[in-house]
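Note that subunit A is present in both complexes that follow, paired respectively with subunit B and with subunit C.
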Partner chain A sequence: SIQLEMPPAPSAAAGSCALSLGSRFLFGCRVTAAHRFAASPVQPPSPLHQQPHLQPCRQGRRWLRPEFRGVYKPRLSPEAMKEFWRLSGIGPDHSRAKVADQQAEVPPEIKRLYQEALPPIVSQDYRDPIVESLHRAEMMRRRRVINIPEFHVGSILAVSVMDKHAPNKVNRFVGLCILRRHTGLFTTFTLRNMVDQVCVQIEYELYSPSIVSIQLLKLERRLDDNLLYLMDAPHSHCTIPFDMVPEPYSRNDPVPVNRERVRLNPPPWMCKWHLHGYQGIDLEHLYSYLSDKDVAKAIEFSKAYKRYDLLDQYLNRVPVPDADYAFKDIFIQHQELLQHQQQQQQSSKKSEVISKLTGTA
Partner chain B sequence: LGAALRIQAAVPATGCCVCRNWISTTPRLDYIQRRTRLRVVDNSELGRRAMEAGKPPRVMHVYGKKLKAATGDMVMVAILGQKRRGFIVGARRPEGPLRPQFDSNNLVLLNDEGQPLGNRILAPVPSFLRANRNPKLDYTKLLAIATKFV
Partner chain C sequence: APALSSQLIVAMATAPHTWLRLVPSCRSYSKATRLHKIDYPWKDEPKPHWVRQFEARRVDADLTPENRDWLRQWRLQRVRDAVASSSEAAAAASPLKEPPAARPLWTPRVSQRCGLVGIKLGILPMWYRNGQKVHTTVVQIPDQRVLRWVPPEDLGNYASLREMRPYRLNQSFLPRWLTQQRWGLQLVGAVPADPANFTAQWCGIFKAAGLPPMRKISRFLVSPDASLQPGACLGLHHFRVGDCVDVVARTVNRGFQGVMERHLMEGGPAAHGSTKFHRKMGSAAGGGGPIYRGKRMPGVMGNRFRAARSLPVLRVNTKHRLLFIKGFTPGPPHSYCQIMDSWMLDVRRSLDANPPPMPTYFAEDAPEGGYPEDVYHPDLLPYDQPLELPD
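Now for the complex of A and B:
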């Protein structure tokens, strides 16, 4: 429920915030109170909900909020902008200069934890570094609320999602991660599991606010970057019990690789699995189903000629300076996130101690 | 690699191993429309006999002034020489985030009044169907006989 707080009368002390900006989710009065502060010497900070909120670009459809479609765009004073960043939980000093000053080497665990922080592999015409840095900030903001573990294709996850129709208002699904798509704020992953003899696949957006929790049950990697061929494999490969106990893992160890080679069901298949260079399929068994011509095509495809294709490499890789910048940016925000988590722990401990001392329950 | 998106977008309808096409010319044909064969997932006698005989129901008509059906749509199917209504509770076509995708197109048979023929649905049913949004059909009883929501 939205709480509407009316600003106090103009006779309030000059310089005091008419709308208290203490809580993050405050909705002030919609009427702009500019005329009320016309007489005051200090420019009042804008209420939080009137700050410009850049709509992220989803699937190529650019939809601007109505306030940005018109000619008039309110100018924000630097103080108002700083106030916004302070309230949104991101450090006000986060800036390009800080990233440029970052001399320390980014540790490898950052690249494991934040695989989706890499900019998209797309032509330069469609890339906007400001939007990308804002998305990274939004990603880290979300990570303050929910713990997003490190996982790879082949790991087993349990995802709880808000569902108004469910009895507990939460819908939990456990599955094997078969796919990770897209980058940045719109990273999605697909979980597959067998439920009541029927295989189900659900796609989740990693940073969706509907997600209540993402729990890692087993950290593992496979030989391929997607496991779509499991759709044509025996169901035993993707059967995961819903009451699976999470397996402990250590951040310092390398991610274990499951070198299992899957034997597919006899054709017809959903796709020509022999033509996509999968390493996780039992190729001898696969070729036994194919004609000689198809086997020759598959072997031709698997020849490593692509490493000599310079244009392919150029188009399908993130430029190294952009990747470095992105990871440095993330590294700074990761350290701020750790500080924020420590502060939260300390404050919760403090409140525990205080409640014990004062004898409150 | 870009293999994931290529597979999702351009997969031939029949993954026949002796297919000569090197270049796939059609995208994935995973819409439910007329002539589509569906899988009956309730425990009705008619559905069980049809699936065991290897004669799955075929869509004859899609209700709602459209040509393609998806999860949550009512269809008319031809099953063992009879015309029956059915309700689609699961589709192979991916529906987007937070909506499950199944390995088969699942159907629950209905009688002319829109009540399910069986008394249990054996496959998991998508949770978003609980919103009960189909203007042509009130499928509250169908949700009541579902065993598992996903």
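Now for the complex of A and C:
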């Protein structure tokens, strides 16, 4: 259990009102987060740090609220504090690699394959564990029918869907994945390509049964979560031949990152690309199109103050225990899926052998 | 299944009751679906409102924490035993109890069965066998028992003594269920919980029926031939796959809203010299006349009982006790809803041809071998089957 220590309180020599004011600014925003995450019961503070319930002041006695009395103040050693910040998953020094350390039981390939297994980032009122477990179970059931490869925004995919009006009843489209949205069975991804000098973007539902196959042609990652700015980029960036040969990749290697910076077309643009923090755009070239005021606004946006905005990080991130649980659940079902695939291969081999022996086609 | 009841009790006993939710609204409804009639906020008050359900929590200082926890576990175990002994599985297993009386037959144009209390959990997308997508609302059916039957003859006495505003009953407009006296009221209790959570008055309602106290009491309009006596168990298989149901629930509370959001009024122009008139109502009446009751004005939006009619049940999950109902139902997740046989005429006529279990599902109605974990509608495509479109 984490030993909690309280930081040193201000000296009691200062006036009573000043003391309470000082304690509010000292303790109000620093220690509450640690108290919420503390696993073990809070130990009572030592008498040195304990404030009296009734603080004498000029108009009589002031009743000090518990948070200023030192009653609930936990004591946290620097090591324990470091451990807390590491486990919380938020903070200015936090990175993805550190979050992955604590989920050592689940292999990293699971998190790459099943990115949509994470619960949605919404208010707790709208989340339900039973519904989320149903989503995960149905996802794995669908994966017994079709192979869904690992892909990221920036990868090139070939998707075949059922189309009753097509000559072979199947419609194949090749494109660059520019967007990947939502979670669970609602997951969708958008492919972009040029068809007869016309830009085409198609959004597919990943778990729709009308998808016959999803083939990964090139596994790649980009610097951004979405590539919507390609709508205002030269068409050469998203022109992919339909007869592209799939490139081999290894699951054990990290996903290659394409660090190219795209030069956008001159304005007008569909969106204010300079205000969304895109790293995949050539910023110098972009700023050359903007006025000084817009450039100042864009630079201020990219000052990276958001890494210190803890509430923003907390609200826009899946809670680590929930993510952990989801991936563990998926890992168990993933192993069952592999067994199911092995059984299918064995039975198909058996049927081949039987058909050869009996001489049937 | 009985094994899950205790888990549900503990889970539901610690779950919060329905609470006020403030959610930003989206204008996704059209004017055609709005109800163009005068209705009053107090019409939707939950009943019984003359009995206080909760009171200030007592802290028994004479008990040590360990003894307090032990007593709580003892109380919960008694609740679990009461639930298990009155469950349908216990009724089927016990050889000493008398078999139920002759079950009534489904009478066309007369019978109206009791409904179920459900808890809306969320939404799950599914696909039909023709490739069409359908959104299903996942509703969990908690432990529930029949509490009381009020026959149609006693409805006047039951209603008049209990209305908070009795002058409403002196008006010419009275609800039809009260004047026709065709159907009676069936009170159903759901979600058994620790008696210490409630007042003695609330627990007394359940004592007469010999049931543990429950968090939710609902009432259904039921025909006398389909009435159930206190203590009867209502289960998941009361509804079958393919039955069309009506889901009645309190809509999402959107808070205090203006007329543009609440009543889809036009408001005023954004520019062109408009002085402080962008989102207002404008005139309230005409020619110096009075403002009539029911004039549409700003106020609290949502938090009203509304019904989604004729929604088919597409899938039943026996492991978690879930009904998958096509479409969307009113209310936020984890809110109570009432599910009953649809009142729509085409559904009632189809039920005459294929009558449901009357008055409710009993263990003797189960098919041989029991139910599988998931029962799908024949038109629905399970996720582990590939789609095969006809040429």
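Just so it is clear, the second predicted complex is superposed on the first by the 257 of 361 C-alpha atoms of A that agree within 3 Å, B and C clash if a C-alpha of one lies under 4 Å from a C-alpha of the other, contacts with A are read in each partner's own complex, and residues count from 1 in each chain.
Everything below uses one rule, namely that a residue touches a chain if its C-beta (ideal position, glycine included) is under 8 Å from a C-beta of that chain, and two chains touch if they have at least 3 such contacts.
Note that the structure is a prediction, hence the values are computed from the model and not measured.
By the touch criterion stated above, A:His165 is placed in contact with subunit B alone, subunit C being left untouched.
Of the two partner chains placed around the shared chain by superposition, neither subunit B nor subunit C is touched by A:Ser236. Residue contacts after overlaying the shared chain place A:Cys199 against subunit B, while subunit C stays out of touching range.
When the two structures are aligned on the shared chain, A:Ile130 is found in touch with subunit C, with no touch to subunit B.
Contacts of A:Thr358 after superposition on the shared chain: neither subunit B nor subunit C is touched. Of the two partner chains placed by the overlay, neither subunit B nor subunit C lies in contact with A:Asn252. Touch counts on subunit A: comparing subunit C and subunit B, the chain ahead is B. When the two complexes are overlaid on their common chain A, residue A:Glu138 makes contact with subunit C while staying clear of subunit B.
In the superposition on chain A, contact of A:Ser210 is made with both subunit B and subunit C.
The intersection of subunit A residues touching subunit B with those touching subunit C, taken from the two complexes, comprises 205, 208, 210. Partner subunit C is touched in their complex by these residues of subunit A: 125-128, 130-131, 134-135, 138-139, 141-142, 144-146, 162, 164, 169, 185-186, 205, 207-210. For subunit B in complex with subunit A, the touching residues are 1-8, 11-12, 14-19, 22, 41, 90, 94, 96-104, 106, 122-124, 127-128, 130-131, 147-150.
Partner subunit A is touched in their complex by these residues of subunit C: 21, 121-125, 127, 131, 133, 138, 140, 317, 320, 322, 332-334, 381-387, 389, 391. Listed in rising order, the residues of subunit A touching subunit B in the complex are 161, 163, 165-166, 171, 173, 179, 181, 188, 195-205, 208, 210, 225-226, 228, 231-232, 267-272, 276-277, 289-291, 294, 297, 316.
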